[in-house]
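There are two complexes below, and they share chain A, which is joined by chain B in the first and by chain C in the second.
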Partner chain A sequence: MMKHKKKEPLFRISKSGFVPLHKAWAIRIGALLLALVVCAFIIYSIIKLNPLKVYGTMFQGAFGTNKRMWVTIRDTMMLLCIGLGLAPAFKMRFWNIGAEGQVLVGGIASAACMIYLRGKMSSTAVLPIMFVCSMLAGAIWGFIPGYFKAKYGTNETLFTLMMNYIAIQLTSYFVALWENPYGSNTVGVINSRDKFGWFPPIFGQMYGLNVIIVLVLVVFIYIYLNYTKQGFEISVVGDSENTAKYCGIDVKRVIIRTMIISGAICGIAGFLAVAGAGHTISVSTAGGRGFTTIIVAWMAKFNSFVMVLFSALLVFLEKGAMEIASRYQLSDYVSNMIIGIILFFILGSEFFINFKVRLRQRYAKDKSQ
Partner chain B sequence: MNQFISLFQASIVFGTVILFGAVGEILTEKSGNLNLGVPGIMYLGSIASLIGVFYYERYAENPIPIVCILIALVCAIIASMLGGLLFSFMTITLRCNQNVMGLAFNIFAGGFANFYGGSLNKLAGGVGQINVLATSAAFRTKIPSYQSLGPFGHLFLSYGFLVYLAIFLAFAISWFLTRSTVGLNLRSVGENPATADAAGINVTKYKYISTCVGAAISGLGGLYYVMDYMKGTWDSDGSVEGLGWLAVALVIFASWKAPRAIWGSYLFGMLSWAYFYIPGLTRSSQEIFKMLPYIVTVLVLIVVAYQHKPDNQPPNALGLPYFREDR
Partner chain C sequence: MKKLFTVLFVLVFALTVVAVNAEAAAEDFKLGVILVHDENSGYDMAHIDGVKGAQEKLGLTDDQIIFKYNIPETEACYDNAVDLAEQGCDLIISDSYGHQSYMMQAAAEYPDVIFLAATGDTAWKEPMENVANFFPHTYESRYVSGIVAGMKLKELLDSGKVTDPYVGYVGAYPYAEVVSGYTAFFLGIRSIVPDAHMDVQYTNSWYDPKAEGEAANALISRGCVIIGQHADSTGAPSAIQAAKDSGKIVYSVGYNISMLAVAPTAALTSAQNRWAALYTPTIEKAMKGEAIPKDYSVGYANDAVQIAPLGPEVAEGTQEAVDSAIAGIIDGSLNVFDTANYTVKGEKITTFLALDTDGDWVGDTGEAIEDGIFVESKLISAPYFSLRIDGITELTNE
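Take a look at the complex of A and B:
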């Protein structure tokens, strides 16, 4: 008996079953606050300043001026757009970590339109063409790994990852081809004089069109995933491929179709990045967002409205941390460090939602029972 | 001939970085843990060794080569093991999704390494480039009088000791996994943790240890990168990250067999440097040539999946969390 007792572990873990929504969110917000406290300690240890004041600086960095606020909104929309693209693929349990590449090829397509169609049509007429071209480019980049996954069962995580690097090299190729001025190895701002292929300001806002396009996509993806037959097929394939086969769903077709849609939306993100934000193309046009958004989509459980929240949070953190970095002359990379720590906490918090942890009960208590 | 020798040497230097990464990752994946954080682990290994050695070289008048090497090794191993421990805690104990955690880890470790790398560059002053010459030279010490052996010496003996350590580790890990009882237990954890658990194997312990040791080996790739490939300097252009991802791809290329990763890594190196030795390329067409290693990996992925040999398949429970009370 004694021997048995010794072996009882300190913690007992069991599945928690159903957790009410408010409790789940309380745990998540608690984790976020805890993360901010931990980051405060780290910030304090680096720059020896009152963390609360530093957090105030973050707020200023993200929303301090009208312009900054719009940049924050623009970047949120960009992150959100990629996340929306990833949601269908991930809901199908297809690990599409190739968003980076899909965004880049979309961006290349947009930039190509801006460069080669200039002077052949009006600036408003070219925008729909750019939209379609970027979508197609992204769709092709999504189709390739989707096809091979469906046909031969290739490992999609690595396939899409390699497609990223192929897209990066393709971008380098076009950058070298289009470089301006010669020898700079950058494309520079495309059509800066006549703004051909740039988003026109809407309601006086530079980035108005970005917001409209992405918000339409939010609603579209929400309806697509939750209220259409195709969305239902995606979730069945994601939960169990065998069940899907048994129901007569053509699994291969669903995989290929979903990856085309996923790639196409990421391509649109490339269009936004080139025509609606940077007006240039470089290997950092996607800037690692393809990876960050995976976490956004995952944490939001692929619900597009929750995704809005998480992408806003991440962009706020990024902008804020950049402001800290420039204000206190630190390297920009401090923002990635802070974001990483916060992500650990939020990811870790899921455990406390999905599982219940009980401490070992006292011996005396056991005896009395 | 000279061109070939220099291409060969460049490929081995390149290959060794990803060989360390891949060998560590093979050990980790055999336990069923898919650590996509290899780039991050390599970042940690490289920056930790650089920091340790930087302070030593700064305060020692005449840095002793062997001490330099030891400090670098110890720092790299400790830092990457801590990274592995964090990953293990999150995925094994807290049962986070391994892919998501790996990506988050890369964001964190990349930020951490480049932040401290940048600060070190600032501390070093001057042109803003940190340089640990003594240690880098110590790591690049070659076998004496290798030149006297002609091309053979140049091709096979003109490297620092880490190149040979990587090859040795690859064989050692392979022996461990296929010929020892502990290795067999480890593989059973990766194939079917519930069965292993029923057989009395401590699944959690095996997963933790193999992930941490695997991370330590991968971290050596970062150490080799910074000390040999970069010759003791820091550059925050993110090329460690690219190499780390190639290491993950190499694991698949080698179909989870460490000895196969040896020639695979050198092949990757050769493909990556090929553009440099092909005459008449313009700057833009060079970029197309740099795609080669990635395209080859994609082709290998397709061929491996197409053949569907049971020998070449990933561990059965790869990427899945294990919870005893699950059915």
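Take a look at the complex of A and C:
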């Protein structure tokens, strides 16, 4: 006979302590495989296609041709760049939801240089100017919420979010100013004839410069966050403001400085989007990436090298989904469903890394332990 | 004799080879289609129908056509145009105006592939040979849909239910394609109700159900009783039906698709394009390896435009008025933009330069007016009637 005094819950969840790296990654990869299995069932039962063929198609969509691979790389770099911008702010527990706007103002600055400096200098000379202008524009967009947070303790989530809408309106204004043709509300490809202000091909690769700039940033952010005094200050402020104050860290200064850096890197992403990819400016230049990257930064725990992986995964899923829609003439919703399931499992796996879940054990067995 | 046989044999053989080659060319042919939205948007659905219609007529297999859905008017269009070219497409067609500059960018890199930006307007001035534009005579179907609206307006005025012949229009962007469309619609109305006047509310988007609904509501509250549209969603007709159900007198004239599904009693008709009439000959030429004209535009005479089935509340005699207008358009006795029918700032128009070569968006060449008639979509396929005629007010809310 077993008598329970108090019924034990079916699941017991407890915080797990240190999880070795290989185990954490085993859980993540397991989650990914499980997601693929669940998707396979859905693909097979709803759209009656061979799931393996569908996955093959996704892979082809992202890497099928040399061109596609480079577009995938370009978009990965773009996502990664914004993620790198968000990492310092997030590590400081400053919720910068404003990447979208910071990218847009950076893009506006680049587009302005392409339009107004044309004919005044060479295309190679204008690129550094565009780089600096975009960085400054993004820095200003990051500075404003940083300053108000440091000075008046405003809510940075709302503040940065609102700054996005201002940036979008600003972009609309410039699109109307530069529209081509008149009344069409699009700027079109800027300087399509002489390619003034476009990234030059590097080693014959149109997007070579995008890769170089972002990879330099990856290394920079990694070192900055992990091996510099400022990086240390950021993590102390993030963990506990009071501790930081006690250590004699000027918290306000750190907040403002970090937000300037965060915004500046997002501004660079705007430069990449305009000079290195789209050669135009529109309200969709950032394309929601400012929000998508929040997932990237979080999943990678602000480790810039891990961010490369997650950016690539997200872009791969997006390209793959588009190819499925095109190849099998499906609505986008089906492929978005697959993306959703995969993301759900990967994000969910973090729970199983951070927490231990134990099933209710038999009373007798429990007692004997 | 032997020689003759040899010659004959060679001839027959050669002809067979040619025939097989021609067939092989048709089998090898690949078409790429870039769509700004998917089948949920009436505008894109009309394009998909057009492609499918051409496919059936020309006997293309599904493998020969690659669709790309939901391609925004950004570098994504360039990426996808390049991708289609790399997949071996011989002809690539994009369906939205904003795709054009990206199509041209891709065209420069793939000179052997033809890039056609439907509704675009720059192919004529491109030095490249492999670019083209096409556009149906939408102004004709808009004029005819205006007649349906005019008949209803007249009925409402005659019965005393309405005293002010006030018309509204939900437009996407303030440029020639939209201006040409609403002017044609308005002239259709005015051919029945001479003192009608119209307000145009822009949404600054091709597809925004919410903004289109709001624009329609704003026009209703100003007192408009008929509302036309040049925007691609069902936002306006849905809002109009809701207003009508709440007791307002207001009717909708839609675009692209029949609006009877969303506005069963408020919808009068819709102006529609039959894109197959453009896709079929264009794809056929590309399949045969013939040159594709840089601009191609046809209308009622070639079955490229039509209006949707009439709604249940259209005025009596509408069908007859519609039929006679269509007959007039086809036989040339009715000219939509006859300068005798409108004025600009009180003046009759005698000259209008339609084409811009120096990039300032002001026409500097191409006289559009022939014998007192503004001839639309003849110099280039895209509409260029951008005059703001008397009787129409463009509202600005900014």
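Basically, the second predicted complex is superposed on the first by the 347 of 369 C-alpha atoms of A that agree within 3 Å, B and C clash if a C-alpha of one lies under 4 Å from a C-alpha of the other, contacts with A are read in each partner's own complex, and residues count from 1 in each chain.
Convention: contacts are C-beta pairs under 8 Å (C-beta built on N, C-alpha and C of every residue); 3 or more make two chains touch, one makes a residue touch a chain.
Fair warning: this is a prediction, and the values are worked out from it, not measured in the lab.
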item	value
First (chain B), second (chain C), both or neither touched by A:Leu343	first
Chain B versus chain C as contact partner of A:Ser331, first or second or both or neither	both
Contacts of A:Ser134 with chain B and chain C, given as first, second, both or neither	neither
Partner chain in contact with A:Lys67 - chain B first, chain C second, else both or neither	second
First (chain B), second (chain C), both or neither touched by A:Phe355	first
Touched partner set for A:Thr186, first chain B, second chain C, both or neither	second
Chain B versus chain C as contact partner of A:His279, first or second or both or neither	second
Partner with the higher number of touched chain A residues, chain C or chain B	B
First, second, both or neither for A:Gly287, with chain B first and chain C second	second
Intersection of the chain A residues that touch chain B with those that touch chain C	331
Residues on chain A engaged by chain C in the complex (per definition of touch)	65, 67-68, 71, 180-186, 188-189, 192, 277-280, 282, 284-285, 287, 322, 325-326, 329, 331-332
Chain A residues within the chain B interface of the complex	13-15, 95, 97, 148, 152-155, 157-159, 161-163, 165-166, 169-170, 172-174, 176-177, 288, 291-292, 294-295, 298, 330-331, 333-341, 343-344, 347-348, 350-351, 354-355
Of chain C, residues touching chain A in the complex	38-40, 66-70, 72-75, 78-79, 82-83, 86-87, 97-98, 100-102, 104-105, 121, 173-176, 204, 361
Interfacial residue positions of chain B with respect to chain A in the complex	36, 86, 90, 94-97, 99-101, 103-115, 118-119, 236, 242, 245, 248-249, 252, 282-285, 287-288, 290-291, 294-295, 297-298, 301-302, 304-306, 308, 314, 323, 325-326
